[in-house]
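Across the two complexes that follow, chain A remains constant while its partner is chain B and subsequently chain C.
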Partner chain A sequence: MNNLMMGLLNVVSPFNLLAVAAGTALGLFVGAMPGLSATMAIALLLPVTFGMDPATGISMLAALYMGAMYGGSISAILIRTPGTPAAAATVMDGYPMAQQGRAGKALGVSLTASLIGGVLSSIALLTIAPLLGKAALSFGPVELFAIAVLGMTIIGSLSSGSPIKGILSGVAGLLIAMIGMDPISGVPRFTFGTMYLFNGVSYVVALIGLFSIPQALRLVEKDDGSQKAALIKDRMLPTWKELKSMIVTILRSSVIGIFTGLIPGTGGDTACWFGYNEAKRFSKEKEKFGTGYPEGVAASEAANNAVVGGALVPTITLGIPGSSATAILLGGLMVHGIMPGPTLMTDHAQITYTLIWAVMLSNIFMFLEGLVFTRAAVSVTKVPNKVLAPIIVILCVIGSFTINNSINDVFVMIGFGILGYFMDKLDIPTAPMVVGMILGMMLDNTMRQSLLMSSGKWSIFLSSPLSTILLIIALLSLLQSTPIFAWLKKALFKKNAPQLGGK
Partner chain B sequence: MKKTFLKKVVISGLVLSLALTLTACGTTNQASTASGSSTQAASNYPTKPITVLQGFSAGGGSDQLAQMTEPYLQKILGQTFVNQYIPGATGAIAWTQLARQTKSDGYTISITNTPMLMTNYLMSSDIKYNIDQLTPIANVLTDPGILVVSKDSPFKTYQDFTNYAIAHPGQLTIGNSGTGGDDFFSILQWQKATGLSLKQIPFQGDGPSWQAAAGDKVQASSTNLGVVYSQVKAGNLRALALYADKRSDLLPDVPTLKELGVDMVAGSSRGYSAPKGIPDAVKKKLEDAFAQMAKDPAFQKGLHDAALPADIKIGDDYAKYLKDQETTFKSIWDSVKEQVAAQKK
Partner chain C sequence: MSNLAKHGIASAVALIFAIVFYVDSFNLPKDAASLPRILTWIIIILSLAMFAEAFYKERKKAKVTSDPALKADETDEPQDRIHVFRIFVFAALIVIYVALIEPLGYFIVTPLFAIGALIYLKSTKLWKSVLIAIGFTVFCYFLFVAFLKLPIPMGLLS
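Up next is the complex of A and B:
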């Protein structure tokens, strides 16, 4: 308790407040730039914080993480290019809303959902972190495989229209994920003798190409001077009534976000899809998703901001990073001479609690700065298309280069951009491909680790209760979209109509 | 009026960010392409910032070494160091650049990690550099290997561990940090020395490997002292054996493999190397800087606090160390190559 108060006192010192505010602002900006992701920005800023006090430096980076999670939705909504991979699912409903002239509303919903997700995860971090932290250790290869399988079923809900085209795109994504060094045997696969492919194709690079380049081309193709939509005519923030209608979705996504963050190896990039998928699954108006439905935006945005607190839970309680961004934070602590591990909560409690409060505060800064920044950002849509399109392309080039300082990544990005353009023309959705690439590596690696452990027995996937439950949910998700499920539901619904009606 | 103003603000913001990013990229590149290696330039080396190629991402083990050493080296040499991160192919992209595409003027050096520096090209013919194309400057630290199990594990001692391995040949699951990494080779080395066999489960990095052991997903993990020291100290993991020459003063109760009758020492070393053919005067200057830094008590304390044992080997000592390691790894890899290939099928 003492440490708790100490952390709070620490964080409200003027310099730390300034650092958190600056970190959040930077995060909003970086997040909104297509091609620049939170992870990358943290990595770039990390060396700058080496000169600061560890608590200040790490707080600033965590605030940046939080800011970027909302920032990513700005460009996702306004120009259909996710600012960060974690905002990819926001495009699905955010952009259609903007096209209908409700950009302001979409951004307001996104900001509110981000705030709620962020605050809830900060509260979880502050109160039940030690309890939740232990849960991170219960995820081994077997459980991670089950999560990846469950994740793959998301492809189903992303392929509205033609399931075959969705599956085609998802499977292509899975195959692309197989490129690179085989994690088990160490043998390079599909690398054509070049070591630049040893690490495989980065899905972040591919996502920049798949989402942003086709959009830039689309802008040029239908250059009508400027986009007419996107004006904040209506009030930005949702009304109390609107908020009430989507609060369940926001809460569900927040919990999903916290847990996705908690699990080592998954972060906002996955959480936004999980949040979106579950919102659609439980919604009474499934068909509205993808057409500019505010709940779709809220679902994905609450989830990716909730990841921040969730991912920090195992980071501070056990020294296990919950996402790639927190892995860099941990590296930053290490460089400051603070050993990541259980001692973070005891020996370095002052730094840790400052960090936790900084995350909490960054939500407030994010909301306030977000309101101002968003109003300014909306005018991006008034920039003529022929100016906007090349700017998007330039940002994509910079973004894909900065990830690994590699020009080859730029070529890969452009390659995916051209692929995405033609997929678009053929009405093949690009989102399933991204999901396939994000989960493919995890699916491949964890399946083979598990089978190694069990000497090839597939029953290992049912040996852990956690993985069994996850796999059953995955199976149900699959059945849900087949006629069998509809028939079952009908049969059950008829029998239990009175009880279900009461719900 | 207001609209055009906003537009201007946004556009100038975009342009500014572009310019900033480009400058940031530009400065690092400038240093690496800069030339000027004449004997005259060598005598007053260094006259401009030194670029350090890092084969791994910011915040990783390489970066940790960089941040711990470079402040001291900067003071001694009077020039700044510019870190350039080129992650990919377990460091091979950076090291290939160092060995084959870098001017030998001493203004571009790299952090070299064993065993990846050698195992990269021993294991894959697609990787075209080798240590003969480098000038090893100095090794800084060696993080010894350590055998850990979860706190609830039935293996209380190293003896329990080997007894189980004897009774269940090829069944005991042990995590490593990745095929071709230091722990992968340590386990092979251990198997060769003891004649026992374990079931290696490769993870992606040291973290997932020890976490799987801590969560009882695998029965043990072979990892590094610096990685798990705080976990062992907090009681989340139990250390059974250290693969060092002598016990560590951090964990004085953990016996070494040598004490336990297994004659092997293994771990992961990190140091600095330059491309082959740098001027002798430059080489001497760099070596002297490392020797001077090694004596600094503040530097020694920093390493100790991070649970990283200093292991200073300057110049030819480091070169010999790398060469010896290369021979060891080559013989281990050659003897298991067929085995691994067969296992894959």
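Up next is the complex of A and C:
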């Protein structure tokens, strides 16, 4: 309880309040730009937080994440282009509403749903994180190994596209994490005689490259089409009656968002569709979805904001990022010399609880700033892609340089950026690679510590009930993406088919 | 380039990456080499699986497109052309920009890169490009040097 109060007191200090307000506003504007995603915005803002106190810096990044989740809906509604992938489902009903002259109402519904989703997810974060954090403290290397394995398999197999590619990307990330001085034996691994690689490849440098440079290159691939933004003429906030009619959908989407966030590797882009589809499935007026139905906007927007709190739970309690944006938050912590993992809740309680309260507070800022700034944010949706691309590059360069003040890091960042561009062309997801780079050391250390404890017997990983369950779930998540599972499903379906037909 | 060829190259790159690490792991003590070796084997298997998957999909697609009715439908779809040469030049500009930062200084090369890139990409009018480039560099200076006091390479300006 003490830590909880300390975090609250910390976050209401004037400078922290300013940082959270500024982060949210920046997120709102950046989210509204179709070329920039929340993940990328956090990666680009990272160097700005280096000079700050860690708690302030991380709070600002989390506030930006929250702000960007709403900001994405502005361009989704007004110009039919989601500002961030997490607002993709908002286009479905948001744009038709704008076409019907109800752009203001669509934005207001989005803002209100975002607020409710965000607040609920903050409450979930505030309650689940300390409990899970406490439980995580009792975990030994065996359990932590199982958690890392589960994190990797889920991220690999759930990421968009082929699971083979997702897992390949993740394992490649794990192998890259092996580069550098081995902390247990002290020998340099895979440095190929270069001094630079002794400290390993900084994953913050890699993720700035992987998440930002491919996007900058994609922005110049094609010529801009001219887009006309719809005008906001009507009042924004929904009436009490309208809100009441959507509240069930908003609550359902919030729960969906929180759970989607909790699962490592799945973020707002998955949650918005999940929330939208479920709202449609449960609705009595299914045919209205896609025609400018406010509930459609509310469903997707509540879900994507609810992801934020959910995704932060595994991030701060276990050191496993719940989404690619939270992977960068972890990077931010590491730059400040704080190692993510179960000790984060105890050794760095001040930072963690400030962050949790900052997420809660950013919802309120998002709502107020949304009411004031949404009309102004329309102008940034018109920034041409070809102007944005060089600016992204400049920010990536300065960001990757300032981490270790090394120009070699900038070259590594560009290298990863070009790799990321090609991976994107082949539909190989880049997020698992980053997560692999984060979890690599944890996996290696816990595996070897466990094997030392059991004098080399692998059966130790099945000695604890928790690790056994986690490893079984990991195996299942792998199997469900293989043809074996599809065959099983087919076989079962065939068996049931005659019965279904007979009814 | 066909989809299969692209995947072939990607698989080959992943294989080479894994094999190089596998061979290098023999220089390490057994304990330190254990996980990397497991990982290299997984990469070898998955990169082959990725190629097999692409091959399987290609064959399936070939079967579908051999149906004349479906083929006509597919070719009708308008496709936005990707400017490959433009991306290549832009990427080259980025590499040159990074290479010149240390000798010349961040605040000299950055506006040059921005102006060069904006003009090459025909992003906006010339005067606007110059204004954006200089304005953004000044913004970076105040944010990173004056406010955050980060050590940015000054090169000739130091």
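The definition used in the following text is that the second predicted complex is superposed on the first by the 269 of 503 C-alpha atoms of A that agree within 3 Å, B and C clash if a C-alpha of one lies under 4 Å from a C-alpha of the other, contacts with A are read in each partner's own complex, and residues count from 1 in each chain.
Heads up, the rule we're going with is that a contact is a pair of C-beta atoms (placed from the backbone, for glycine too) under 8 Å apart; a residue touches a chain by one contact, two chains touch by 3 or more.
Please read these numbers as outputs of a predicted model, since none were measured by experiment.
The wider contact with chain A, measured as residues touched, comes from B rather than the other of chain B and chain C. When the shared chain is aligned, chain C comes close enough to touch A:L426, but chain B does not.
When the shared chain is aligned, chain C comes close enough to touch A:I164, but chain B does not. After overlaying the two complexes on the shared chain, residue contacts for A:F190 are found with chain C alone; chain B is out of touch. Applying the stated contact rule after C-alpha superposition, one finds that A:K382 touches chain B and leaves chain C untouched. Looking at the shared chain after the overlay, A:T402 reaches both chain B and chain C. When the shared chain is aligned, chain B comes close enough to touch A:G331, but chain C does not. Of the two partner chains placed by the overlay, only chain C lies in contact with A:L217; chain B stays clear of it.
Residue contacts after overlaying the shared chain place A:I391 against chain B and chain C alike. Contacts of A:L175 after superposition on the shared chain: chain C is touched, whereas chain B is not. Across the two superposed structures, the residue set of chain A contacted by chain B and also by chain C is 47, 50, 182, 184-185, 187, 387, 391, 394, 398, 401-402, 405. Touching chain A in their complex are the following residues of chain C: 6-7, 10, 14, 17-18, 21, 24-25, 28-29, 31-32, 34-36, 39-40, 42-43, 46-47, 49-50, 53, 80-83, 86-87, 90-91, 94-95, 97-98, 101-102, 106, 110, 113-114, 117-118, 121-124, 132, 136, 140, 143-144, 147-153. For chain B in complex with chain A, the touching residues are 3, 6-7, 9-11, 13-14, 17-18, 21-22, 24-25, 28, 57-60, 63-64, 67-68, 83-90, 92-93, 96, 123-124, 126-127, 173, 178-180, 199, 201-204, 207-208, 211-212, 214-215, 217-218, 229-231, 233-234, 236, 302, 305-307, 340, 343-344. Interface of chain A with chain C (complex): residues 47-48, 50-51, 162, 164-165, 167-168, 171-172, 174-175, 178, 182, 184-185, 187, 189-190, 192, 213, 217, 220-223, 384, 386-387, 389-391, 393-394, 397-398, 401-402, 405, 407, 410-411, 414, 418, 422, 425-426, 428, 443-444, 447-448, 451. By the touch criterion stated above, chain A contacts chain B in their complex at residues 29, 33, 43-44, 46-47, 50, 136-142, 181-188, 191, 193-196, 198-199, 264-265, 318-321, 327-332, 334-335, 337, 339-343, 376-377, 379-380, 382-383, 387, 391, 394-395, 398, 401-402, 404-406, 445, 449, 452-453.
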